[in-house]
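Below: a set of structures, written as C-alpha cells.
Each of the next two complexes has subunit A plus one more chain, namely subunit B in the first and subunit C in the second.
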Partner chain A sequence: MNWVPAPILLSLATAILCSGLIRWRRAQVWVSLLGSLATTAAAGRLLLLVWEAGPQVHVMGGWSPPFGIVLVADLLSGSLVALASVVACLSLLYSTGYLEEREARAGFHPLFHFLLMGIHGAFLTGDVFNLFVFFEVLLLASYSLVAYGGTGAQLEATLKYATLNLVGSAVFLLAVGALYGLAGTLNMAHLPARLAAAESPAIVLAILLLFVAVFGTKAAAFPFHFWLPDAHSSAPTPISAMLSGVLIKVGAYAILRLGGLVFASVQALAQPVLLGMAAVTMVVGALGALAQRDVKRLLAYSSISQMGYILLGVGLFTPGGLRGALLLILNHALGKALLFLAAGHAVHAAGTRDMQAMGGLRALLPGTSAAFLVGVLAIAGVPPLPGFFAKLAILQALLAAGHPVLAALAAAMALATLLYLFRAWQWIFWGTTQKEATHAVPIGMRAPVAVLALLLALVTASLGPVSAWLTEVAAQVRSPEAYVGRVLGGEVGSPGAQGGGPAR
Partner chain B sequence: MTLSLILTIGTLVGVGVFLLLRRNLLKLIIGLSLISHAANLILVGSGGFLGRRPPIILPGPLPYADPLPQALVLTAIVIGFGVSAFLLVLLYWISRVRGGAAVSDLMELRG
Partner chain C sequence: MRRPTTILATTVARLILPFLLLFSLDLLLAGHNRPGGGFIAGVMLVAAIALQYVVFGVAQVRRRLPRGSLGLTATGLALALGSGIPGLLRGEGFLKSWVIHWSLPLLGEVEWATAFIFDLGIFLLVAGVGLTLLALIGEDRP
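What follows is the complex of A and B.
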C-alpha cells in the first residue's frame, strides 16, 4: 500500500461523490465531512511513514523517473499536507453552520474538495509541469469558491483574482518552457544536476526569477499582492480561512521547493530579490492593515504582511531562518484560520463587517472573544505563542546573516501587527454595544474555532518537540540528497513504488 | 520556421496585452486567452520546433520531434479552455449584476 497519492485520491473521490449527491444536500454534507476526515487520516499516516522511513515516492503509471511523473512526500510536503487537511476539515465543519442559513447553492462541497485536491497535489508532486496542473486545479476551484455567493463584490473580486493569476499562469508556462528547453527534463530531482551543469548561470537565474514572480503572485508577495485583499475579504468566511490559512502557503512552498532543490545552484544569486520582495510585502501588508475598518480586509492585509515574514525566512535559507518560516507557516495557518472564522461569528452576529460599528460583542460571544484573542496573540507574536518564537528565529537569522536593516524593519512591523490586531479585538469585542446584535451563532460555527484555539494552545505547550521537528524539516530542505536519491536512485523499487501502475 | 514561431508569439502577446488594457471586460478575457496561447506556443518551441516532423518514433531513420512538450501543451490547452469557459460565465454574471461589462461598471474593487 502506497500512501503518497492517498490524500489526492481521497479528495478527488470525495469531490466526485459530492457532485453525484448534489440533489441530496444532507447526504452531501456528511460525505464531504467524512471524506475530509479520511483525507486527514491519510495525510497523518503518510507523515508518520515519511518520519519513520524517509521520503516516499510514488511512480505514476509505471513510467520510471525521470521520464514519468512522480509524487514525492518528504518531511516538508508531508507536514504541509497534514496541516492543510486539518485546516480544511475545520473550515468544512464551519461551512456546514455557515451555509445553513444562506441560500444553498449546489457545488460548494465538490469545489471545496477539488480545491483540497489541488493543494495536496501541489505539495506532493515531484514534477514542475505537474505542479502547474495542480496549481490550475486549485486556482480554478478557488475562483469559483470566491465567487460562490454571486454578489457583485464577490464577482468583481474573482475577476481581479482570476485575471492576475491567469497572467501568472502564462508566465508559469513560459518558465516551464524555458526550463525544459534548457535542461531537457522537468523532474524536480533530475533538474538540479542538469541546471548546475548549465553553461551560463545567468539564464538559470532568469528562469528562477520568472518562477519567483509566478509563485509570488500566488503567495501575494509585493508587487503581485493586489488581488488578495479583495479576494480574501469577499469570499465566504470558511473559504477565506482556507485561502489565507493554506492557499497562499502553497506559493511559499513552491518558492522553497524550487529555490532549495531545483535551483539550488543559483539560489544565492536570487536572494537579494527575494529578501527585498519579502521586506516590502511585510511593510505594505502591515500599513494596509492599519488603515482598515472592515474586519475581513484587515485580516487579509495582515496575511500579506505575514507572508512577507515567511518569505524573509525562506529567502534567507539558513537553518534558523527556515525553522522560523516553517513555524510561522504553522502559526499563521492555525491563527489566521482561527481569526477569520471567529471574525465570521462577529460578522454573523452584528450583521456588518465594519469593526467600529460592532462594539461590545464580548457579552454576547464570550467564547469567540477569548478565541479571537488567542489568534491575535499568535499572529502578533506575543510570547509564549509560537508566533513569537517564529519571528524571533527570523530576526536572529536576519541579524546572523548581516541584514540589520531588515531585522529592524521586521521588528517594527511586528509592533504594527500588535497594534492593528489588538485594536481590531478592542473594536469588535469591547466598548459599548453599538448594535443590538441578535443572530445566535450555530454550534457548527463555534466548534472549529474552539478546536483551532486548542490546537494553538497545544502547539504552544509542545513547542520543544514542534521546534525539533521543524529543525529536522529545515535540515531536509537544505540538503535534498535523500529526496533526489529516493526519486532517482535504485531505492524506488522498495517500499515507495509498489502501489501504483501496471508492472513494468 | 523558428522565426515565424517567434513572430507569432510576439504578435499574440502584443495583441493580448493591448486587449488587456481595453475598458471592455470581454476584450480582457480574449486578451488573457491570447496570452495563454502565446505561452503554449513557447512551450511547443521549447522542445525544438522542427516543422513537419511527427512527435512519434517510427521505425527507420526518420527524424522525430520531442513528444513531451506537445503532450504538455495538450494539457495546457485543455486547462486554458476550462479557464476561458469559467471567465465567460463570470463575465455573464457580472454583466447581469452590474448591468454592463466595462471596467467602469465594477464598483467595489479597492487596493
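What follows is the complex of A and C.
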C-alpha cells in the first residue's frame, strides 16, 4: 500500500459519499467531518514516511515515468498537504456551526472535498499537465463555493474571479503546450535535464515567465491581484479561511516547484521579475488594507500583502529566504484562517461587516477577542510569534542578497501591517458598544478558533524544531537531486516499485 | 399545449433513438483500446435524449425519463474511483488495469479489460451531469 495518493483519494471518496448523501444533511455532515479527519491522518502518515525514507513516488496505473504520470511527495509537498488538511478540518468544523442558521443548501460538503482534492493533487503531482488538471479541479470547486449563498455581491465576485482565472488557465494551457513542444516531456523530474540542454535559454525563460504570470494570478500577485478582495470577502467565512489560508499558497508552491526544479537552469534570469512583482504586491496589499472599513475586505487585502512577502522569499531562492517564506506560509495559513474565522464571530454577533459599526465586542466575545489578538500578532510579525522570525529571515536574506531598498520596503510594510491589524482589533473589540449584539456564537464556530490559536502558540513554543524542519525543506527544494533520482531512478523504473525502501 | 412539430421530425426522432442508444453502448464497449470511451458514450447518450427534448418537448420527455440523474453522477464517480483501488492495494499503482480472457459460448474467446469499469463510471457520470443540465435548462424558470 502506497500512501502518496491517499490524501487525494480520501478527499475524492468523501466528496462522492457526501454527494450520495445529499438528502440526508446530518449524515452528510458526519461523513464530511470524518472524511476530513481521515485525510488529515493520511497526510500525517505520508509526511512521517517522507521524513523517514525520503521522497515517495507513486506510479499511476503502472506506467513508469517519464511516460506515465507520477505522484511525488517530498518534504515540501508533504508538509503543505498536512498543513492544508489541518486548516481544512478546522474550517469544515466551523462551517457546521456557520451553516446551521443559514438556509440549508445542498452541495457545500461535496464541493468542499473536491476543493481539497484539487489542493492535495496540485501539491502532490509530479507532472505539469496533471498540475493543470488539479488546478482546474480546485478552481471549479472554489468558483461554486465563493458563490455559495447566491447573493448579488457573491455572484459579482465570482464573475470577476472566474473570468480572470479562466484567462489564467488558458495561458496555463498555452505554456504547458509550449513546454511540451520544446522539451517533449512534462514530467517534472525529466524536464530539468531536457531544458538545461535547450538551444536557446530565451525561449525557456519566456515559458517560465508565462508560468509566473499564471501562478501569479492564482497567488494574487500584482498586477493580477484584483480579483482577490472581492472573492475572499464575499465567500462564506469558512471558505474565506480556506481561500486565504491555503488556496493562494498553491500558486506560491507552483512557482517554487517549477522555478526550483523544472526551470532551475533559467531561474536566476527570472528573479528580477519575480522580486519586482512581489515587492509591488506587498505594497499594494498593505495600502489597500489601510483603506478598508469592512473587516473581511481588510483581511483579504492583508492576504495580498503577505503573499508579497512570501513571493519575495521564494524569488530570492537563498536558504534563508526560502526558510522565511516557508515559515511565513505556515504562519499565514494558521494566522489568517484564525483571523477570518474569529472575524466571522464578530460579524455573526454584530450583524454587520463594518468595523466602525461594531465596537465593544470584547464584553460579549472575550475569547474571540483574545484569539483575534493572537492572529493579529502572528500576521503583523510581533515577537515571539513565528511571523516575526519569518519576516526577519526574509529581511536578512534581502540584505544578504544586496537588495537594501526592498528590505527597507519590507520593513515599512511590516509596520503598516501592524497599524491596520491593530486598528481593526481596536475598532471591533474596544470602544463603546455601538450596537446591541444579541446573536450568540455556536460552539461549532468557537472551537476551531481556539484550536487555531493553540496551534499558533504551539508553533511559537517549538520554533526551534519547526525552524530546523523548514531549513531541511528549503535544502531539499534547493537541491532536487533526491527528487529526480527517486522519480527516474532504476528502482522505480519497474511498475510496482515504490521508491519507499524500508517504509513499504 | 401542442408543440408545432412536423410528423417528419417525430417519426425520425422515434426511429433513430434505439440506434443512437446502441451506438452509445458500442462506444462504451469499444472504449479501452479503440476510439470511444466512457466520456464520448455518455455525451452520445445525452445527445440522443436532447433530440427527444427538442422534438417532443420537456413535459413529455420528463414523463418517460426516470428522475434523479444526479444520483448517477455519484454512482459513476464511485465506480471510477473503485476501479482504481485494486491496483493500489496490490502495489501496482492506482488505476492499474488488467486484461482478462474469457471463453464464452457462441462468442468464443472474449477479451475484457478491467479498465471497462472505469469507463462505465465515466459514462454514468457524464450521462448524469448531462441529463441534469438538460433538465435544469429545460425547466424554463423566470
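FYI, the second predicted complex is superposed on the first by the 492 of 504 C-alpha atoms of A that agree within 3 Å, B and C clash if a C-alpha of one lies under 4 Å from a C-alpha of the other, contacts with A are read in each partner's own complex, and residues count from 1 in each chain.
In this section, a residue touches a chain if its C-beta (ideal position, glycine included) is under 8 Å from a C-beta of that chain, and two chains touch if they have at least 3 such contacts.
As the structure is a computational prediction, the values presented were derived from the model and not from experiment.
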Sharing subunit A, do subunit B and subunit C clash or fit in the superposition?
fit
Draw lines from the C-alpha centre of subunit A to the C-alpha centres of subunit B and subunit C: what angle do they form, to the nearest 10°?
40
Answer with first, second, both or neither: which of subunit B and subunit C does A:A178 touch in the superposed model?
first
Using the superposition on chain A described above, determine whether A:S144 touches subunit B (first), subunit C (second), both, or neither.
first
Just subunit B (first), just subunit C (second), both, or neither: which does A:S19 touch?
second
Under the stated touch criterion, which partner chain does A:N2 make contact with: subunit B (first), subunit C (second), both, or neither?
second
Which one hits more subunit A residues, subunit B or subunit C?
B
Look at A:L159 in the shared chain and tell me whether it touches subunit B only, subunit C only, both, or neither; answer first, second, both or neither.
first
Which partner chains sit in contact with A:H58 here, subunit B, subunit C, both or neither? Use first/second/both/neither.
second
Could you look at A:E136 and tell me whether it touches subunit B, subunit C, both or neither (first, second, both, neither)?
first
Rounded to whole Å, the nearest C-alpha atoms of subunit B and subunit C in the superposition sit apart by 8
Per the definitions at the top, what is the overlap between the subunit A residues touching subunit B and those touching subunit C?
none
Using the touch definition up top, name the residues of subunit A that touch subunit C in the complex.
1-2, 5, 9, 12-13, 15-16, 19-20, 22, 58-63, 495-496, 498, 504
Can you list the residues on subunit A that touch subunit B in the complex?
129, 132-133, 136, 140, 143-144, 147, 150-153, 155-160, 162-163, 166-167, 169-174, 176-178, 180-181, 186, 226, 229-230, 234, 288, 297
For the subunit B and subunit A complex, residues of the former touching the latter:
20, 25, 28, 32, 35-36, 38-40, 42-43, 45-48, 68-69, 72, 75-76, 79, 82-83, 86-87, 90-91, 93-94, 97-98, 106-111
Please name which positions on subunit C make contact with subunit A in the complex.
70-71, 73-75, 77-78, 81, 84, 87-89, 91-97
